[in-house]
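Report on the structure given below.
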Amino acid sequence: MEAAPRLPGMEVRPVERHVYEVQIGPAHPGSGHMRIFVEVDGDIMVRVDPDIGFVHRTMEKLAEGRDWIKNIPLFERMAILDACNITLPYVEAVEKILDIDPPPRAKYLRTLLCEINRIASHLYGMGIFGVFLGHSTLYMWAFGDREVFVQLAEDLTGARLTHSYPVFGGVRRDIPDDFPQNARKAARYMRNRLNEYAKIFLNNPNIRKRLEGVGVLDKNRATELGIVGPNVRASGIKYDVRLVEPYEAYDELDFEIPIFEEGDSLARAWVRVEEIRQSLNIIEQAVDWLERHPREGFMHDRFWKNAPQLYKDIYNGKIDYAGKYRVKLMPLFASLKVPAGKASARVEAGRGEMFYYVESDGKNVPYRVRVVSPSFRNVIAFKYVMPGHRLMDLPAIYGSFDYFPPEWDR
Amino acid sequence: MVTAAQVAYDVGWGILHYIIFYPPLYQLIIIPGLIAALVVVIFIIWFERKAAARVQMRYGPWEISPRTGGATQLIADLIRYTFQEIIVPRTVDFMSYIIAPNAAVIFSILPLVAVPMTSVSQYWPIPMDFSLLIAVALSTLSPIFVVMMSWASNNKFAVVGGVRESFIIVAYELIAVISLLAVVPLVSTFNLVDIVQVQMGGRWLGLLNPIALLDAFIAVIMSTSAFPFEIPDSESELVAGPYTEYSGLMYGLNMGAGYIRRWTLSVLITLVFLGGWAPYRPGPGVVAGYLVPSLIVVAKAVVVMAIMSFLRSVYGRYRLDQALSLAWEVLIPMAIAAFGISIAETYFGVIP
Amino acid sequence: MFAPIEMPLFVGVMAVAAAIAAYYVIKLKDMIYASISLALLGSLTAALIALAGFPIVAAYLVLVYVGAAVMFLIITISMLGLRGSEERDTFRGIIAAAAVFTLVIAIAFSSKLYNFYVLPYSVSAQQAASRLLSRYLLVLALIFVGQATTIVEAISIARRGGRS
Amino acid sequence: MIIVDQLTGVLLVLVSAIIMSIGVYGFTASRNLFRQLLSIEVLFNGVFLLVITLLSASPLVTVYYSIVVISVVSVEAIVVTAILVAFLRAYRTHSSTDLEESEV
Amino acid sequence: MSSAPEKKPNAPAPQAPTPAPKPAAQPAAQSAAKQSAVPAAPPKPTIPPEYQELQKKVAEVLKGLNPTFEPSRGYLDVVVAKEHLVEAARRLKEMGFDHVISVGAIDYIAKKQFKVMYHLTSYLNEDLSKYVVALSTYIERDSPHVPSLTGIWLSAEFHEREEYEMFGIIFDGHPDLRPLLLTPAVAALRPLRKDFVVKEESDDIETDYEAYLATKWW
Amino acid sequence: MGFAYNPYSLSANSFVIIPTVIFAVLVATMLLLRTLLRSDKRVDNVELYKYVPFESSNPPRGTGKSRLTFQYLGYLVMFLSVEPAVVLLTFLTVAPRSYSGDLLMLYLILVAVFAPTIAFGAYVAKRVHEWGWA
Amino acid sequence: MHVPAKPSPKEVPRATFLGRAVAGNLGALAVGVKYFFDPNRITLLYPHEYIKLRQGYRGYIVLIFDKCISCASCARICPARAMKMVSINVFDKKLKKYMKKKYPVINYNRCIFCGFCVDVCPTEALYHVPYHDLVYNSMADMVLTLEDFQKEPEFVTAKEGVPVTYIYDEKKGLVKVHYEEEGGEVQKAEGGQASAATEAQGEQAQGGGG
Amino acid sequence: MEAQQQEGKAYIGNLEVAAQLAKEYLVKGTVAKLVDWATAFSLWPVHLMTSCCGCEIGAAWGPRFDNERYGSLPWVSPRQTNLIIVEGTVTKKMACSVRITWEQMPYPKFAIAMGACALDGGIFYNSYNIVRPWQVIPIDLYIPGCPPRPEAVSRAIVELQRMIRNKGLASKWVVSGIRKDLKYVLPKEDLCGWRGERLELSA
C-alpha cells in the first residue's frame, strides 16, 4: 500500500487494507457541518465514524459566564430554525428553580410558537432530505411552504428565526390582531399541500425504493441507542414528552401522537408528515383559545406588578411603534439572581426530546447548564445503523434522521 | 460578362456548398454537430433550470436578461468558466487528465456523422447502408472516457463515480442497443434513410412499437446520467462524481460531453422512432435538401431532450443497485419484449 | 467496383495507429490506461475491418468486444485495484514475438499471396442474415445455450458463496 | 486496380502480424496475470484482422466465422477474468500479504 | 430605574450539595438562608411531589447500595457511591430505565469533586416514561476515574466521550474513549472545568468614547 | 462529384480527420487556457492546499486509485454474456420478411434460454454479501 | 378541559406492485406537469421589490437621543456585548451647562438583533427600523458612532424597488401584493414616532417615481 | 533596438511573459467587460455550511427569495465555484476546512462573510473554540445580523455583482493573475497544522 500523505497535525488512523475510506464532510453536499469517516468494502459501508464538533461553539461553558437572561439567545443559536422549542426547557427549568408558573395565556402563546416552529423544522428537515435524494423539487416546496410558517412566526415575534420568545415568567409578545385568521388560512393551505407532497415524494416509486427497508431500527434497538423524537416514534415506541409529561398547554389540547411500526427511513419521513398535520390542529386550537380569551396575563406577576403605565400602554397596543402588544422587560431581568437549586426540564422539540439540566448557586450566572439536544442523541444512530448499507444509502439514512449539526454540537 | 459580384457570388456559393455543406463537416461541426449541440445544450440547460423553477414555485435565472427570462444565463456561465483558472492538482495523471474530457466530447459527437439528415444521397456523410448499426456502435464508446477521466483525477469521489459510471454503462448499453435495433425487423434494414422513409406517411415506428420507444428513452436518460439515474455524479455522496477535480473550461467540457451524448442519442431516437424529418420531403438543393430537414430533426430532438430534462423536477435518484436491478429485471425484459413485438408484427404482417 | 487509389493510404494510417495502440497496451504502467488503449485498438481494428469491406463485423466487434469485453476488463481491474511493479523478461518476449511475426508472414505470403485481395464490396447484411437463418438456426441456438451457460459458470466462479 | 487491392491486403497482413507479435511479446515478457490477459486480447485483435484478410475472398464465410470468433473471444475474456477473480480472492483470504504487493 | 441586585443583600456563597447521606424527605435547613434576589421567596428545594412515589420504589430497588436523594426539581437525583455505580445501574436497568438522556458532569471545585450524573428514563415501560431519574456519583477531582456505563446503556457512549474531553473524566471500560467535539489541542484544556476561565473581553459595559472609537473590535 | 465525395474520403473525413482536428483544437485550447489563466506565484505560495486532491476539504488521505465497488460484478458478467447473443439476434433481423418465421422461432429460443438464466443471474447478483472482499 | 394527547398507531400507506409502479409514477408526473403549466410562484423579485416588514420587526436599532436617561439597562442586558455606554459632554437644557453623560453606542459586528435592549429601555429611547438587508464593505463601518446611532441606516433597497407585502391564502400559501393595495399607508400614518417607516416611505415614493 | 530584440527573445523563450502580454493585449475593453459581466451573473457559491446561518442560506436559495435569479447556483465541489459564503461561526475545527475550500477554488473567487459570528463572533464573542473568518480567508463583503435575512444575502450578491462590474475584479485578475485589492492572509494560527513543514504527497 502506498503511504498516505503525511501531514503534520493530522491524525493518521490505520485503515484495513481491503476497505476504502471516504471522508464525507464538512465541505460536502451530503453532510452538514460534520464529517463522517466511512469505510466501504466495495459498495457496502463497513464502518461509519461520525466526527462531530465542527459547530461546537462551547455554549455550556459560555452559559456559565453569562447572566440568566442572556443565555436565552445563546441557547437559541443551537437550532435557530426551532428556536422556541430549544429555549423553552431552559426557561422552564429556571422557572422551576424560581418556582413560578407562567399564566395560561403565556402558556398558550408558547405552545403556539412551539408548534409553528415544529412545522417549520419538519419542513426544513424534509427539504434537506429531498435534496439528499436528489429531489430538488421537494427541497424547494418544503422551503417555500416553510416560509408561510416563518412568516407567521415573524408576525408573532418580530424575527424570522431567532425569536428569543419565551422569557422567564412569560413571553415577549402577544399575537397581532390579524394573526388568527392568517394562522387558520395557513393551516388549511398546508393540509392540502401535504397531499401533494405525498404524491410527488413519499409515494413516488423512485423515492419509496430508496427509503423502504433502509436504515431499519426496531423497537429494542432504538431503545438501546436512545434515539429520540419522531425517529423513535417511527419505530413504534409511544414516547413523546407532550404525551408522557405534558408541559405548557399541551394537556388541554386535543391532538394525536402518530406512531409507526416499521422503523425504516420511509416511516421516519411519514411520521413527520403526520406530525405536521397534528401541529396544524394544535395551532388552530391554540389560536381559537387565544381569540376567545382577553388579552391579559402575559407575564408572571412577580415580574410585572410594579410595571409603570408606559409598559402597560405598550402592551395594550395604545402605543405602537415597535410592534403592538409588546412586553417590556423590567430592568431587573438584566441581572436576575436565581436561588440555589437544580432542576431539569425536557420538552419535545422538532427533532425530539430537548433536555436541560440547570444548576444555580444563587449568583447571577448559572453554575452549570447541561444541554442535551435531540440531534446529539441521534448521532449515535449513524455509527450503529449505517454499517451494512450501501454507500448510496448514507444520505437516505442521514436525511431521515433529520440532521441539524449545530444542534448536536451546541 | 463576369462581374465582381458574380465572382463573389460564385465563390461564396462554392464555399457554402463545398465547405460548409460538405456533409462530414456540416454534420460534425454545424448541424447537428458541435455548434447546434452547443446551442441546444445551452437552451436545454436553461430550460431545465427554468422548468424546474416553474414547478418549484420560483423564477430561476432571470436577472441577467429579464426580458428573455434569463436566456443568456448559460452564455454567462460559459464565459465565466472560460476565464476561470484551470487547476490541475498535483496528483493527477496529466496527459490523461487533459485528453479524457476532450476525447469524451469527440466520441460523443462522432455518432452524428453516421446518421443521415436528409434522404438526398448527395448529402450523406458516409454510405448509409449500416448507419443505424454504426451509430449505435459508436455511441457506446464515449463512456469509456468518463471512466478514464475519473481514473486520471485520482480522487476518491471521482474514482467511485467512474466505477458507478461503468456499471451504469453495463445497465443501459444493452437496453439502448436492443430497443434502438428493435425496429429493424419492421423495416428489414439498417439503413436509417430507409427507416425514415418508411415513417413518411405518419406511421411512426414509435407508435408501432411504443415499448421500444419508452425503453430507448429510459436508456438515453440512464446513459447520460440524468435524473432519475443521476448516479455517477450523485452529489449527495460523490461530490461531482468523475468531474470533481475539473475546474474552469475543462469542467464545462465535461458537463458538455454528457449533454452532447444525450443530444446525439436524442437525434438517433428522433430518426428511428419519431420519423426524422418525416412530414417534410427533402427537395433538391442545399437548403431544401439539407438545411431544412436537419432543422426539423433538430427541432424534434430538442423536444425529446426537453422531456428528459423535465424529469429532474419530479424524480430523485435511484440507488446504484436499484438501477441495475431495475435494468435487469424490468427494462431488459421489456426491451426483449419490444423486440419480440416487432418480430411478431412482422410475422403476422401487421405492417405491409 | 474497385477500391480507390488512396485506399492503401487509409489502411496504412489506420494500421500505424493500431500498432501504436497495441504498443501502448503493453507499455502503459497503469492497467486502466492499458485497457483503454485496448479499447482504442479494438476500435481501430474495427475500422480496418470496415475498410476491408465488412462493416457488419466491425459493428459487431465494437458492440460486443470494445463495448463489453474491454469495459469488463476496465471495471475488473479498477475493482481489483491492481497496480504496482511488474517484472519483464524482455529477451524471451522479443524472441517469441519475432518467431510469431516470421511465422505469420511466412504462412500468409507463401501460400496465398496472389490469391487474396480485399473487395471494396459490402456484404449485404440481409443476405448474410437470411443465409444464417436458413442454414445455421441450430448452431445459433447452440451459441445461445453456450452463452447462457457462461453466465451461470462465470457467476458461480466469481462469487464467493459458490465456493464456500 | 488489382494492385491496389493487393497492396491493401499486404498492409493488413503486415499490421495483423505486428499486432500479434506485440501481443505475444507482452504475453511472454510480462509476469503480471492481467497484463498477460491484455496481451492475449491484443493478440486476438491481430487474429481478427488476419482472419478477415485471409478469408475475404468469400465474404459470407468471413462474416460467420468472425462473428463466432468474436463471441467466443469475448466470452473467453469473461471466464478468464472470473477465474482470476476467484483465484485472487482465494489467494487473498489465505494469505495476509496484500494483493498489490504480491506479484500476481 | 435601577436593577434588582442593588436593592437586595447579596446572596450567600453557593452551597454545593454535600455528598454525605442525608434524609431526603427533610431538606437541609440551610436553604432558608438562600433568599434570592427575586421578589418572592423561593420554595424549599425538596423532592418534587410527583416523584415521592418513585423515590420509594427506587430506594427499594437500590437497597443495600445506600442511595441518597438530593433535592431537585423535575427529576429524581439518586446518589450512590462510586463502587456501587455499576450495580445500581444494572438494577435500574432491570427496573425499566432503558436509556440515558444525558450524562452530565459538574465540577465542584470548592469541594475538589466531580459529580457525574446519568439522567435516565424509559421508552418501553410506559409508566416510567414520565419520570426522569438521575443516577449520580461523586468522584475525586484529582483522579477522575469512574466506571463506564456504556456496557449497560449503549446510548451513553457519545455522552461519556463528551464528558471525557470536557472534564478529563476517564470512564474506565469505555470502548472508544476519544475526544468527540474538540480538536485535541483544545480538548487538552479541559474546557468545562471551573478552573478554565473564559476571558470576557472586559466586564465593563462602559467605555470612553474615544477609546470606543479607537478600539479595533475585531 | 469528385474526390471529396468518394465514400472512402467521406468516411475518412467523418470518422478520422475532422474529429482529430477538433480534438487537437480542443486539447490545444485547454493547454493554452491552462497556461494563460494561472494565478500569480505569490498567491500559490500562500495557498498550500490548492493543488492537492479534493477530499471534502480535509487534508487528503490516501490515494484515489484503489479497490472498489465489487458487489455488482454479477450484473457485469450477465451483461457480457447476454450481449453477444442479443446483438447477434438483432443483426439477423434484417433478413427479408420471408424469414420472419425462422426469426420468431429463434427469438423464442432466445427467450426460453435466457429468461431463466437472467432470472438466476439477477437473483445471485442481488445477494451482495456473497460478492464482497471482506 | 383536560384532553390528554393520545398515541395513534398509523401505517405507511402501502400499495401493490402495479399500483406503486404505475399510479405512483403517474401521480408524481401529474403533479409535476400541473405545476409546470400552472406555477405558483412566491418569489420576491428582490432588488425591484422588497418586503415591507411589519411594524414590530426587529431590524436595525436607532437611538432617540433626547429620551435616553443613561440608565445603562440596554448595555447591561445585551447578550452579545454589542452595546456599550460611552460618556460624552452634553449640554443639559435644564441645568444649562455641559455635563458628562453616558449614552449607548452599538457595534453591528456583534449585534444579534435580539431586541432585548429595545424591550428593556425604560423610556423607549431605542427603536427598530423595519429593514434588515444591508451589507458592508469593511468592518469598521459597522461600529457606529453616537451620531450614526441616532440616524436610521440608509435603506438602499428602497431606492431601487417597490414595497410589497405577503398575504396568506388558502390556495396559494403566500401571495405577493403591492404594498399600496394593502392600505399600508393608513396604518403608518398613525405611528406617533418619527419612525423609519415614514422616511423609508418617502424614499420609496422617490424610488417608485423614478 | 537592442532592448526590443532582447524583449523579442524573451517572448520566445519565456512563456510567462508572452502569456502576460497576450492577456494584456486581449483582455481589455469589451472583452474585459464581458468577463466581468459573465462572472457577475455566474457567482456559484460553494456548498460549505459552517454554522446555523446555513438555514437562511437555504431560505435565500429557496423559492421565496430565489437567488438563482442572479444566476447564482449553489454548487457542490469547490473546483467549479467562485464564491464562498462563510455562514456564521467558524470553529477551530472548521477553520481548516474553510481554508482548504477557499484555496481549492479557482480564481477569480470572492468571499462573503455572513452573520454576526462571521464578523466578530456575535453572541459567541468570547468562546474559546471559534476563530474569526477574516483571520482565515480574505473577505469581500460582510453581512451583519443573526441570522441575516435572506434579502440581506440577496443584497450581498447584488452588491458583489456591482463591485465586480464597476471595479472589473474578474478581468483584472485574468490580466494580472492576482487581485490587488485583497490581502492574502496566511492564518496566524496553525489551523490544519500546515505551517513550518512542507506538504508531502505521494501520487
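Chains: A, B, C, D, E, F, G and H, in written order; residue numbering restarts at 1 for each.
Keep in mind that, in the parts below, a contact is a pair of C-beta atoms (placed from the backbone, for glycine too) under 8 Å apart; a residue touches a chain by one contact, two chains touch by 3 or more.
If you're wondering where the values come from, they're calculated on a predicted model, not measured in any experiment.
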From chain C, the most remote chain by mean C-alpha position: E
Of all other chains, the one whose Cα centre sits farthest from chain B: E
Dominant chain pairing [most C-beta pairs in contact]: C-D
Chain A-chain H separation of Cα centroids, rounded to whole Å: 33
Averaged-CA centre spacing for the pair chain H and chain B, given as whole angstrom: 35
Between chain F and chain C, distance of the C-alpha-averaged centres to the nearest whole Å: 17
Chain centre separation in whole Å, for chain D relative to chain A (CA means): 63
Overlap residues in chain F, where contacts from two or more other chains coincide: 15, 37-39, 50, 52, 54-60, 62-63, 65-73, 76-85, 87-88, 91, 93-96, 103, 110, 114, 118, 121, 125, 128-129, 131-133
Interface hub residues of chain D, defined as touching at least two other chains: 67, 70-71, 74-75, 77-78, 82, 85, 89, 92, 99-101
Multi-partner residues of chain A (at least 2 other chains): 2, 5, 7, 10, 18, 20, 23-24, 26-29, 42-43, 53, 56, 58, 61-62, 65, 73-74, 137, 140-141, 144, 147, 162, 200, 204, 206, 238, 331, 334-335, 390
Residues of chain C touching chain F in the complex: 3-4, 6-7, 10, 13-14, 47, 51, 56, 60, 63-64, 67-69, 72, 75-76, 78-81, 83, 125-126, 129-130, 132-134, 137, 140-141, 143-145, 147-148, 150-152, 154-155, 158-162
Residues of chain F touching chain D in the complex: 67, 73, 77, 80-81, 84-85, 88, 91, 133
Residues of chain G touching chain E in the complex: 69, 71-73, 75-76, 78, 81, 83-88, 102, 105, 107, 109-110, 122, 139, 143, 145-146
Chain A contact footprint on chain H (complex, rising order): 46-52, 54-56, 58-59, 62-64, 76, 78, 89, 91, 93-94, 97, 100-101, 117, 123-124, 126-130, 146-147, 149, 190, 192-194, 196-197, 199-202
Interface residues, chain G side, partner chain A - complex: 1-13, 15, 20-21, 24-25, 27-28, 30-32, 42, 54-58, 71, 73, 76-80, 112-116, 118-120, 122-124, 127-128, 166, 168-174, 190-193, 195
